[in-house]
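One chain, chain A, links the two complexes that follow: it is found with chain B in the first and with chain C in the second.
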Partner chain A sequence: MAAIFWLMILVPVVWSVITDPAPGFGRSKAASRNLACEQLNEDAVRRRYPGTLEEVSSRGDFVDIRTMACGARIMAYDERPVRDGLLLTALQERAADIAQKVIAQPDAAGRTWLVEAFYPDPKVATKLAFAVKAALVERQQKVSDRVPTLAAGDVLVLGATPPVRAYPLACARYQAEGSLAADDTLLMITLTDPRDVTLSVGRCTAGEWQWI
Partner chain B sequence: MDLACVLALVLLQQADVPQGAHDAHLAQLEALRADVASQLQLTAFDLLDTLVYDWTQSPIFGAPTPVVLASVTPPAGLGTGLQALLENHLASLLVHNPRSNITLAHCPACTEVVVHSAKQGTVIARGVDTPEALAKVGALTPGLHALFADFEAEGAAVVLRVRVTRVTAALPVVYARTLSSSVGTPALLRDEQSLKSAGAARQEYLDALNQHEARLTWVNRFAVRSFAQGESQGIALAPYIWLETGFETAFTESRAWLGNLAVGFSWAPSLHTAFSLSARADRLISGRARSLTNPDLYLFFAGTLISTTGLDVAAFKSTTAPTVADLLAGALGVTNPELSTSFSAWKIGLELRVKNRIHTAVFLEALPSLNDLTTLGQFTRLGPIKFQTLGAEVGFCF
Partner chain C sequence: MCQWVAALALGLLASGCSVVVYQPLMGLQEPVLADLQQANLSGTQVLLSCAAADAVDARRLCQRLEPLFSNQGAVVRTQSDAPDEGVAPLPVDLRVELVGTQVEEEGGTGSAAMAYMFLNLLPLSRESTFVQDVTVRDGQGFLLASRRLEGRLIEHFGVAYWVMTHLLNWVARGPAEQIGEQASKADMSRDLYGQLCQTVIAAQVRQRAFLLSAGGG
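Let's look at the complex of A and B:
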């Protein structure tokens, strides 16, 4: 009987440790990192995952239960280049953050936004620009798919110029060549430090460059 | 004592189980669909279904408008096979749902890279990005729009971003939307030819589930009862083979409690003819509701009234097991023992059931009115209760 008593005590404890998404007994740090979890309150759990939460006994419960919905990351951390993975995993948050900062500009009303992203991997750059454009349109901003162009000579010169000077220079050249209309603002999203995932956003309006 | 402890544990575990049948079924449904739909492309399909369904309810354009499918990009790191699947699904959705007011336009020059030279310089770009070039090759139809879709795996969720651009010199983006799947939420697997809202699709699953849950089923069982040999020396009773038929009903939507009533018949040439009437209650112990995907385990209790006639009856009436001589005498009519008896039996067993169609069970049976007979032994005992019968059965429900 004593063995059964201890079994009844230990089984729930061991079970809760095994099912805990945190690293520990039975789950490595790598496995935990590849889970995407969100904490939910009881109402949300009952609405989104009906039947998974047991009813509380009419005599009350003696333990506090945390409810957390976890799913395996579709792309594990080591399946993509680390920097790309970090950026893309939080793409929606980053795009929304950039859009909010852009809209907060004092002269944002009535402008047409052109979005360019500069990132080592062109596929990731395209996704980044796409996300920011969508975020701006969803916030009732005017966005154009037009891509301002530079002459081949400009591109050669800009390629040999340090980034700090290249962006203001490119902005001036866009204005000089008439690539940007009067109400156009070109947003350039760049990765300033290749060792980091911090994105910088600059804007080019009427030939004037400004970091946001 | 050990058996008692195990049973007590099983009952303790089941004591707090809620009877929220609807919720339990829903949870099973979720688990089943999660298995099927956990694949990335189905989640992506689900997002496209939602997008096009919303377009049919509130179209972007007031009238049918030519739209070229400019690009569909899969999550970074995944191949072009997925891209083709997604492209085909989106095209199929748009073709089958004309209420979206989007008419797919065939425009190879729009998605190809074109070279356009003008006085400002030479531009190399896709056709949709250079409307001037499209106009020159005659591919720019009035009102043409370009549809871009981009999928990305963000943590455990799939995010779909869509934008529609009017193909004019200014290339204005006229529509953009972001849709995301929830963490761990399975796809709804909607039919592309009759798109439904997420709520309607979910209700359709539940209706389909409930349609197959008949409350009353016809049960047929083949059972074998073997009796433990007693201390008396003699010939042991041959097992009784039974054919039972009856009706079963589920007391709850989750089929956690079942009850059935059956009559049985057993016959062995020259040995016995027997009839039974049994009532039985089954309790699901392998979950909170009948599983849609796995076999279910039930614990059952039954009470049976058995009436039997024939030579075998001697073993149920006498404290001395029949010998070969007794049997021969009975067969030849030399002796005329009382050839019939009735007794009650109480049964406990475990039943494994597949999809409410086929089941198999093993059971122990106590014959309390025959406890004192030395012709019957016992297989095991639970306190004062002797189990003299061990049996197995196979059943079919209709």
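Let's look at the complex of A and C:
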């Protein structure tokens, strides 16, 4: 009888401990950290996971239900460099934010957008530029995959110029060499500071440089 | 009689055995990008303001953050610091506001009472979620960064859980994987203070980006 009593107490407890997303017997700290968990109230659970909760009885339910929804992260935190991971985890939101800022410009209508991203890792730069182009297309903007070019001498001079002066200078050179058409605007996306993933966006239109 | 006294003494001794586990939730599980050993906030005038349901907790948080920012080169003041009479208020570059809330959830004090009542033989647990809202504004009140950091603390009662945890800590877990109150405190402090610093650094970077876009260099 005592054994049954202890089993009735222990089995649900052991089960809840093993399935709990917190570190413990069933999960290491690293594994727990790589879960994307959020606390949800009853309304949120019913909206996002319909059918998982029983319907409230007609007499009302006096239990305050809170639950935790966890999903595995697509990429674990230690699988790629920290900065790349932080940037790519919220890439869509960052690209949408940039696109929103760009189309909010007073002369945005009818322009063709060319996008270039400057980031230490060229693969991440390509992904960033692609995401911004996709976000602009989603907002019914005209986007070109054309890459404006500069002469070798210009590249050498720009490489030795401080970034604050290099962007306006590059913009002027693009215009002088005819790399940009009259309705083209080149967007340049850069990492503002290596200590954070804040991105700065500048635009080059008709030889004039402007940070957005 | 002796057996009963021994059992009671053992039970009372065991009633202090609980295991605290910390789980980082929103924001706290992210890695920190900035190197906090560097002078990230060199010369930045930071005004700190902390609020929580418990005023002592709020004051303690501000007291702990002050050296953390100072060590990175910031000049830190807390909101409660009364300005000297007749002296013009010092300029502020960043206003950091922290609001902490602790949400008591499953178990609560009832679980602890039950655990002590049954001499810690029953496997019970209580958990709470804490939320730290951090907002960083510039000297004029313009919002630069805002984040919500959320974590969960679970306290497991029961001698069996305590013994198993300590056995695994001793046999199978490395220093970084240890579970217990001390390890939970250390992990939580590292995550919380790291993310708070990262948020302030992000705000400073954004402030510079705004200056750049406004043509201020």
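Convention: the second predicted complex is superposed on the first by the 151 of 212 C-alpha atoms of A that agree within 3 Å, B and C clash if a C-alpha of one lies under 4 Å from a C-alpha of the other, contacts with A are read in each partner's own complex, and residues count from 1 in each chain.
Everything below uses one rule, namely that contacts are C-beta pairs under 8 Å (C-beta built on N, C-alpha and C of every residue); 3 or more make two chains touch, one makes a residue touch a chain.
For clarity, every value in this text was computed on a predicted model and none was experimentally measured.
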Message = If we overlay the two complexes on their shared chain A, which of chain B and chain C does A:Lys142 touch? Say first, second, both or neither.
response = first
Per-residue contact with chain A, leading partner among chain C and chain B = B
Ask   = Does the superposition put A:Ser28 against chain B (first), chain C (second), both, or neither?
value = second
Key: Touched partner set for A:Val82, first chain B, second chain C, both or neither   = second
Task = Considering only touches as defined above, state whether A:Glu38 meets chain B (first), chain C (second), both or neither.
result = both
Request  = Classify the contacts of A:Ser200 with the two partner chains as first (chain B alone), second (chain C alone), both, or neither.
outcome  = second
Ask   = After lining up the shared chain so the two structures overlap, which partner does A:Ala160 touch, if you call chain B first and chain C second: first, second, both or neither?
value = neither
Request  = Could you look at A:Asp20 and tell me whether it touches chain B, chain C, both or neither (first, second, both, neither)?
outcome  = second
Inquiry  = Show me the chain A residues, by the header's touch rule, that chain B contacts in one structure and chain C contacts in the other.
reply    = 37-38
Task = Going by the contact rule at the top, pick out the chain B residues touching chain A in the complex.
result = 5, 9, 12, 16-18, 20, 22-28, 30, 40, 73, 75-77, 120-121, 123, 125, 129, 146, 148, 150, 152-159, 161-163, 165, 170-173, 175-178, 180, 182-185, 288-289
Query = Residues of chain C touching chain A in their complex?
reply = 21-26, 29-35, 40, 105, 122-123, 125, 129, 150, 152, 154, 156, 161, 164-165, 168, 176-177, 179, 187, 198, 201-202, 205-206, 208-209, 212-213, 215, 217
Request  = Please give the residue numbers of chain A that touch chain C in the complex, ascending.
outcome  = 9-10, 13-14, 17, 20-25, 28-30, 32-34, 37-39, 66, 68, 77, 82-83, 85-86, 164, 192-193, 195-198, 200, 211-212
Request  = Could you please specify the touching residues of chain A with respect to chain B in the complex?
outcome  = 1, 4, 8, 35-38, 46, 48-52, 54-55, 57, 69-75, 79-80, 84, 88-92, 112, 121, 123-124, 126-127, 130-131, 133-138, 142-147, 149, 151-152, 177
